[in-house]
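Quick heads-up: structures coming right below.
Here subunit A shows up in two complexes: once beside subunit B, once beside subunit C.
For the complex of A and B:
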């Protein structure tokens, strides 16, 4: 009962903060403290959003961004889990490969972009490569950690059951590492969204990044803000969806605490 | 050939031991943990192993499971050199919390052993239900290990081991972490299960009473390095009974003898 009351209080408080933020924004716009060319009020941004969706422009841009994000993220997930599993399940691999990873990991993805453009041009393939490259790290490192942290006792159980190598991976190691892997995948989601926008801006690919860039160039500030708001919502919704999926997949963990 | 000569001799008229340690020495990290251990366990025997903490009981059990390979000497199972763990030998670990899959329900954990044994999925549910009933966990099939008490988790681990249909059951202080009441209940259940299945058992415990109560034979290990210090045949009638067996003069005599042995090793 008490817990519920606290949760509602928090929700009401965060709603109030958001509402007052929008009110402040409206006030600044109405008083023209910043030129309307740069700062539309929330009313104008909202109108632009509605217009964009009703004539279908924003739908197609949103679809483009979601597509870039999804392909890059999925490629990163598959590759990241596979490579992470190979490295994480062998101590020898961990000692030899981990230092190289430590060298590559802090490398900013922005440093890879010119290389990718030089090799692949301003293409979808370049975008896919850059997004996947950026998004793979959290997943791969989480998978390595998850595989390295499997309870050794469980491997002994598997040995005394004479389970096949494949069965050990799918029935013991992967499920055991799944909380780490899913957390890594959630982090990567944000990285994938950011890099999708960056690639769309750089390569002029169809998507919200491109929309935002064109709106800014044409001084259509309302459209620009509509795009930015939509990107924020996309990041939030995908992250919440991922959290819900995690919650479902890791239901067994709820009972552990 | 030299090795063959050292092998556990098959004595005419006596059955070949199911598990045979022949002059087994094991070194780990440059330290000799077990030295020159020879031991035969016949099929259907209930052997209990006691000894001070750190004397090598767990290590000896892991050798019997095939989880360790001896540095010298040999371990045979059914007359065959033990080169790796096998499904016919089930091991009940002391730390049941670590030996169960936390993401699988009770039914799923039992199922793991059935899957490994290649049982078709259609036949599994009935067998799982039967096994859970055998260990006193009917109606808990859908629970996760974390939702179960220590005693229930240990029962579940025993159910998974029984699902292997083992010829040999190795138990490493299986009830060490449980309270006295739960422990006595489980002792009787294990005796009944073993009597029903005819499995051979090696049971490690630091509880001397438990060892005598359960075993056909009790061996006491000496530490640094681990070797056999005492061997006692337990000629107490079966089925055993928590009250009358423990009051039996023979029980008290064995208890005294084992107690003196342990006290001497600890000095």
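For the complex of A and C:
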């Protein structure tokens, strides 16, 4: 048997195991080992997913969550790379500013939510601020780190070519720091999803977070599980998309090594 | 500490001190009246007040209890699965789809499920923290077990150690430095998740304290809680980094990039 076939065989076996877990879940639900109020069977969760998508409810909730996540994450990426580049490319900023940022890093970012609510109220703007604030850290710190770790000889080359500071940033530092930056952006994606859900729960904004909370309050467990499954899919798909983008964007580096 | 290092530390302190002083001066000059901001001096007073009536200490105890209980449960489950998957490639491949299907669920999405199943309180928070902690421990301990020097495993086979002893005497000691790194990362996650659950819904601990202060329009107290949560996060991180260096020294560094 060749290697390819073996890999597919393992894959299939692995799917079979997952399927048997779902079957077990169905069995537990059917036998009512756990109260159906908390645990719907996979059949009911699936039916709720189909119903939600066919009448458009879940589409609009999914779109809401993706929108919060995307705007916050994009804002964090742009601001994080820009600020990170400014701090990372200057020795003075690295000595005076970077330690303060490192000090703030272990702060649980969700603790900023009450402050944001006090400033902006229970609004869309509050959610975007919180998501962007939470997602900026990994990107900014990765950019600073990436800029600091650029091969010094590249800077020397840039100096001997008399490149301007902007040219150095765009032509030397950013490309060489891009693996770090992309890794930071991938981490931020997860943070953005989590904070989107939390903000939707708190502020009642249209999205999956609000949907699962309402379903829980009304004890509609099938809808609740449908929402949680959809959030899992969202997390999975965004992270796969990010890996693919990373692969694409870094292909030139892999070929250099 | 050499004078150079001291100088570096001094330079690092200039910016935060300047910001605090400028903010204090600005707040006093404009007689700041705000629902969201308070001058640093009032924040310190509010923090002292919260210490004096023990409210912040009770909240800290509640949060840390939930975070550590969840961390302990998550570590045990994650470690058991990680070691099992690390030893048996067959098991690892068979479980791959299941693990990859559950892992991307954001821990906070489980909040409503935990809420209707367990109600408000410690239990639902602990369950969510445990769920969040399982994955990093599982992934990193699996990698740690796999990277154990193969000759150690050969020795254990030659000695005909039974499986339980092989895990206890060879695998865990050999993988421990990297497992501790995973534990350190998870401890940070545990605190973050616990505070987030409290802010989102659970009327308990520091997260609930900061939300209450916000709703009571006490920006000084709210920011005092924020500062204190930051201090706890920072202290926990430092404590674990120091423990890691003390316990494992250089051995742990090899796993730090994982």
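FYI, the second predicted complex is superposed on the first by the 240 of 257 C-alpha atoms of A that agree within 3 Å, B and C clash if a C-alpha of one lies under 4 Å from a C-alpha of the other, contacts with A are read in each partner's own complex, and residues count from 1 in each chain.
The rule is simple: a contact is a pair of C-beta atoms (placed from the backbone, for glycine too) under 8 Å apart; a residue touches a chain by one contact, two chains touch by 3 or more.
Everything quoted here is computed from the prediction, not taken from an experiment.
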First (subunit B), second (subunit C), both or neither touched by A:212: second
Subunit B versus subunit C as contact partner of A:163, first or second or both or neither: first
Partner chain in contact with A:204 - subunit B first, subunit C second, else both or neither: neither
Partner chain(s) touched by A:121 [first = subunit B, second = subunit C, both, neither]: neither
Touched subunit A residues, subunit B compared with subunit C: C
Touched partner set for A:193, first subunit B, second subunit C, both or neither: second
Shared subunit A surface residues [contacts with subunit B and with subunit C]: none
Residue ranges of subunit A touching subunit B (in the complex, touch as defined): 151, 153-154, 156-157, 159-163, 167, 171-172, 175-176, 178, 252-253, 255-256
Complex contact set, residues of subunit A against subunit C: 10-11, 13-15, 17-18, 21, 37-38, 95-97, 99-100, 103-104, 106-115, 117-119, 190, 193-194, 197-198, 201-202, 208-209, 212-213, 215-216, 219, 221, 224-225, 227-228, 231-233, 235-236, 239
Residues of subunit C defined as touching subunit A within the complex: 8, 11-12, 14-16, 35-36, 93-98, 100-102, 104-113, 115-117, 188, 191-192, 195-196, 199-201, 206-207, 210-211, 213-214, 217, 219, 222-223, 225-226, 229-230, 233-234, 236-237
Subunit A-touching residues of subunit B, taken from the complex the two chains share: 65-67, 84-87, 89-91, 93, 95, 98-99, 101-104, 112-113, 115-117, 144, 146-147, 164
